[in-house]
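Think of it as A, B, C, D, E and F in the order they're written, each chain with its own count starting at 1.
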């Protein structure tokens, strides 16, 4: 991948794609889309980066350890959010019942734990995508 | 019979899903390329997604997203969509894993054609016993 | 060959017939009085905002009402990742066993 | 209670001890075997005597909701006594026979373990325990059957396992049906099914008989027995002429008298057919036996025939018939074991296993052949030997049951038995006298002594049947 | 106590023989003498009418019991007497035959068994000794241990084992018929179940009949008696077959001597009588055709047992009037024992020196064996029933009984009387033949004899050259025979003594109250009987002459005509049947096995094929591995759906 | 702390292994810690399951209901720890603990490398958690998701062995299982479309009244689910993936796959059939007869196939096919005894098959011999391993005093109660066939002389290490224990059966 134009274009576009992905993740609860879609967009932006600039560079940006950690603790994050309910003495994965402030509907901070969970899931999906890509490409 | 066709036409998404399902099934059955098999399975899953999602639909309903534009409108059932979101992710996971296995098989046999693999394997089977230590 | 495909067709016919009957028997497409539009979906539509504080009902369901499913969904992803890794990541020198 | 537990555990404990004695320490092993067999026998006698005295010796419990109980009644005590006593003889015989043979450790370990299991069958107090030990018996005797490790033995073992497992499975079904019908499986307290509805009981009886009939070698189900003769001779003598097959017979007796009760069986359609099935086995078995050339096979088929004597007695549903069955059970076991012992000596000392090759063996092994011929006469069932008494009461029972043709069957069978064995004896003394004496050495002595002793016991029992009469009477009184 | 001791003493003797070293005292002679003396001293009191009983109280189902009444004492004394005689004779004979210790051992065992039988107090004890006798006497029969002897031994053993088994069954039936097994000597039995009782008596008749050589159960007898060594034959013929007769008398006792027979057993008298006549006839006819001295004698044993059975039958048939028959039977039994023993011993003497018993190879021996010839003559005359010898007396009694029966007018009894005479003629003829061929005719022309072989040809020559040995030992056989002859003559001269003094008390004890009375008016020396006997003798000699001339004595009846042949035919038929059965069985087993194997193999193959099929075709495309598996899945799904649609078209 | 945990126990049992699984990859190289955590969570899970079972046992009748997120039944997902759930939880935790103990021994050697074995453990824990989830879930779609987790982790476990064969087997497994789960999803879709509910109880309530209006849809749903779970649980003609997968997987994986994964699917099938459709509907649609037939065919064919295999693990794998037949047959008996027997049999088979696979794994690891015909004399060399194998075999054959017997007893009671001869005959024939394919192994191991030890090909094998021995001993002990004291577990099974059949 030594195409100069491609690299330059990517350098311009990819950050925006990435940011868009984060936007979709973060606004999953107020607009169409959601953490999965957003996470995949983020992941794709990273995959595109690696494709264009070479795997090694991509790897350098995202070392395996980071990926493993994101994945593991991203998944654990979900569980931990679920535990909030238990800590509060209500069932697992409780949101409203757990007494979390649901906030003002339509705003970014609304939905209590939902947005937090969604963020974690999004990150996780993104890292999964990248991991899958790297794993398959490295063979 | 006429009644049947009438109902079928009325339920055209389901009908389409059934056809999609069969296409997927035939693909799985008749293609010896592993990737194509995988695609066949995805088609089949899509058929099921279609049934689900179509089942939740209401003619003239709007997407289940609360907004001022939609006030007073009939929302379609959000549950199937939510379920299918999960289903799609599952499908993606399976596909990913299957792809990985295909890669692995390609590495081992140099082909992803099932028929070739079978032929290769029958050759391998001859000296299989001393393969393991 | 011909005969076999003919036989297959013969086998396929009742199946197709059966599938068609079943499909025809499904609740009519897009009708608001279908069984799926019962108190369950009604509550999702009407109370989601109160219950979860989000506008996107699908997200409400995915991440709150049925968050447990979604947790397992992420686990599926997690599993798939691990499976892929375990399938493909082999150190050199560790011979195939 | 303590005796009971000790009797049951002696074999098991001995077997385990033998299993850890090194392969080369054969003297020590023999000593252990002797001690535990003797101890087992003594405890069995103690149990049996207390049972005959009318005491209740029982242990019971539950597995889940299924009850189990070990509760010897006179029938079980008689069977236990037969087994325990003969075990000692067979063990001593084995010391001679197995000397210089391979895999002695396995052999003795399983011999002792199967001792326990056989006693378990005998002392079982309900169908479940009976089934348990019955099934176990198949497994623990399997190593003995394949002891030779030849392909023939392995095949025989497979046959053995298949037939016996099949039988046991059928029994299991029958037991379950019984349980479903009666809700109880205990032998104590009268026949289990006495108050059950009569419909379908015919088939239940048939199931039971088929199941136990496999071990008792009723005719179409007998084919494992001749095959199992691939085992070493003491095993054939003890297990396939006595312990294992008696387990089957014992099971049938249990079914007829403890599960159904003689009155109920008498009312069933199959109940009246069964004696004739047994009669067919008696005749056909002995006819086939007469055609065999290999001595052990001849003995095996003859075993098949004689087991049906016992069954016949049981199926007459008469006190006398039962008494005959018990007497035959006791007396036949002594003589058949002797015959097998002799066959073993002949095979070991002269190498002849086929009857046609036994010309002149009598000159080589005069004492053996003398013992053999006395036992052979016993097989016919005439007087100086104890088998007469069994036959006599069997005839009495069948006449009392109004089935005199069965008595004729016994007579015909006696004649064919004579045809089976007398030529063997006569042939053995054909040909030139040899100067060699094949009965020298401690090994032969160890083999010959049990045979001679058993024959003496048989003769004494023939002269004074009062020996065993209390036991027989106790059994009869228990069921009638 | 004596009753127990009598059988036990010979057993002890047998043990002595077993451990005897070298040639010492003649233990059998000693033992049998002791038995005889003890018997005479201790048991003669029973003739007074009070039987002796001795039971051994054992727990359990079986307590041995002993019983001696006058009948059994007759037999016991007879047995002991004969044993003494034969024991005198044996050592000399056995010197030539070999195996003397063996013979003596079994002789004592048999003596014990025989005494036991006669003294048995219940049927089980009787059976016990009966079987013991069967087994032990087998060793007599097979003493020579050659092909022929073993064959004879088989015949003997199998027939007698069957007899024993049938007796056992008879006992069982008797038990069933009466409820409590009656002891011996208790007399008439009143059965609860008449049918069973009848069958049990029938079985007794068959069982003892086999022992007694009753036609058609006699087949073993000629073989066995001719194969045994001479002293053995003598006792087998002289005494052991009498055990059968004894048993029949005891069976008759249960049925009821001197009474109208009960419903179950009314057939017994006529049946026995008819069988007796047939036995007489068959025996004598067969004897006439024999070329071997011992076989001839053996067949005569059959024939003479026929007399005895006839007497018993008539005794039973006539009820209270039948005492003549019974007395005659017992009388004849004793007499037959005497002369048949003498005859066998005589033939034995000849055999010792010539090694030959074929009549046609002997001849003119009276010169070499004058004493033997004389003693044999006495015995021959005795058996043919010449007045002045014992045979005449008993036959006369029997003849009277038969005539008495004939007066009832039933066809069988009339024919019995006629045939009685015919048999007498036949007896005379056959013994004329025997005596003529052995002693009187010119020394044998070799080559005249039928069935000659080179070995046998040489034998007589060598035998002739044997010199009569001098010394005491050689004289012992003659002493033995002389004693017998003396007894015969004695009885012949005082024919009335035995019936009135000994037989009639015995018979009375059995239930024939008027036995003594019926003998009162009887005269043995009446003209009718005497002329009859002479006519018989003359006819017999004529027939003998005619037979020897015409060679009819060499006639061998076709196989199917003889009983033995018939038996063989039946045996062959049975064996063919068995073989067919076996074939059928094998076929069935094979078929079952094949079906199982095939179906098992099919299933197995189908399963394996299903499992291993990794390629197939659909729509022209080759399917491999996963495709096939998926195909199965879809086909199954399709089948489920299609099946449902088919089965429930209008479900709702 | 306990006060808060107890009401949440049903969910804790599920998520505890999952949580551990999430964090394991981050310290994949520290094997000791990984193993310790796995075993710890195994013990905790087992204790939790025990406690839960005791709670359920004490409560008699009313199950523990747990509404996730506080959303009541028709809206949210509901966990229901009833008798059935408690039973299966016990089985899952009880079997997976010894298996993980066993895995500790030579897993790295078997899968090749520490990291790989850490990942193996992750998959293992995920599988365990998902199976536990299956035990308690009461929601249709949740079942689907769990099934997917199980499927993926199973395939992952199979492909953990680094061998093209394993990849191939995993691929086949994956394709077949995905087809199956697609069908299952379709079936769930049909049910959802005609009932509008995803909660099992609500769906069942709706279905009871609505099925007559759309019987064909119900039938479609039924057949989709039957075939879908059929292929996952390897019911006979659909078993084709199983022998490859189970015989090529690393031994602990084989054990857990044969012992538990298949059972999880069967439990799901059971829940669908009894909790959603209900026994009345099953009878109406002749599902019971189909099940009995399928079970019968599976028993016979599976046994025959097992008989024909020479490779030990393949033989055991086919034996699983046959044993699944028993359970499927039992599901079709539709009576209390039969169902209780089936459930108990399921439990006992889980234990027994794990024992057998582990023993086989130990033998293969020690000797490198995979074939039955090569195992002569191994009983003398590895006494404990073979003893465990023997106990397992006898249990599988159904000898009294071993757990298999109790299951078979009730299964037979049930089949006799149906009054039809087929199930009885087949169950009996199956156990005889079982003897014919397992006993030769034992005979060879004990009663045939070992080949010459000087032969370089045959390194003197020994019993495995302590933890593996402990695992084998534990499992064998459970086999015997369940045979001798089946009491509580049997009682649970009986109550579960009554509950499923709506009896009191």
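Following the convention adopted for this analysis, a residue touches a chain if its C-beta (ideal position, glycine included) is under 8 Å from a C-beta of that chain, and two chains touch if they have at least 3 such contacts.
For clarity, every value in this text was computed on a predicted model and none was experimentally measured.
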Note = Ordered by label, the neighbours common to subunit B and subunit D are E, F
Key: Most widely separated chain from subunit E, with each centre as the mean of CA atoms   = A
Request  = Name the chain with the Cα centroid closest to the overall protein Cα centroid.
outcome  = D
Chain pair with more C-beta contacts, D-F versus C-F = C-F
Chain centre separation (subunit C, subunit D; CA means) in Å = 66
Task = Indicate the whole-number Å distance between the mean C-alpha point of subunit C and the mean C-alpha point of subunit E.
result = 98
Task = Please compute the C-alpha centroid of subunit E, do the same for subunit F, then give the distance between them in whole Å.
result = 78
Inquiry  = As a quick test, compute the distance in whole Å between the mean CA positions of subunit B and subunit F.
reply    = 27
Query = What positions in subunit C touch 2 or more of the other chains?
reply = 18-19, 21-22, 25-27, 34, 36-37, 40-41, 44, 49, 51, 55-56, 58, 60, 62, 64, 66-70, 73, 75-81, 83-85, 87-89, 97
Remark   = Each of the following residues of subunit B touches two or more other chains, namely 28, 37, 55, 65-66, 79-80, 83, 85-86, 89-90, 93-94, 96-97, 99-101, 103-104, 117, 132
Ask   = Which residues does subunit E have that touch at least 2 chains other than itself?
value = 618-619, 625-626, 630, 637, 641, 644-645
Query = Between which chains is there touch?
reply = A-B, A-C, A-F, B-C, B-E, B-F, C-E, C-F, D-E, D-F, E-F
Ask   = Which residues of subunit E touch subunit F in their complex?
value = 603-604, 607-608, 610-611, 625-626, 628-630, 632-633, 636-637, 640-641, 644-645, 648, 651-652
Query = Can you name the residues of subunit C that touch subunit E in the complex?
reply = 1, 4-5, 8, 11-12, 14-15, 17-19, 21-22
Ask   = Okay, in this complex, where on subunit D does subunit E touch?
value = 284, 287-288, 291, 377, 380-384, 388-389, 391-393, 395-396, 399-400, 404, 407-408, 411, 414-415, 418-419, 422-423, 426, 429, 464-470
Ask   = In their shared complex, at which residues does subunit E touch subunit B?
value = 614-615, 618-619, 621-627, 630-631, 634
Query = Considering the complex alone, what residue numbers of subunit C touch subunit A?
reply = 49, 51-56, 58-60, 62-64, 67-68, 70-71, 74-75, 77-78, 80-81, 84-85, 88-89
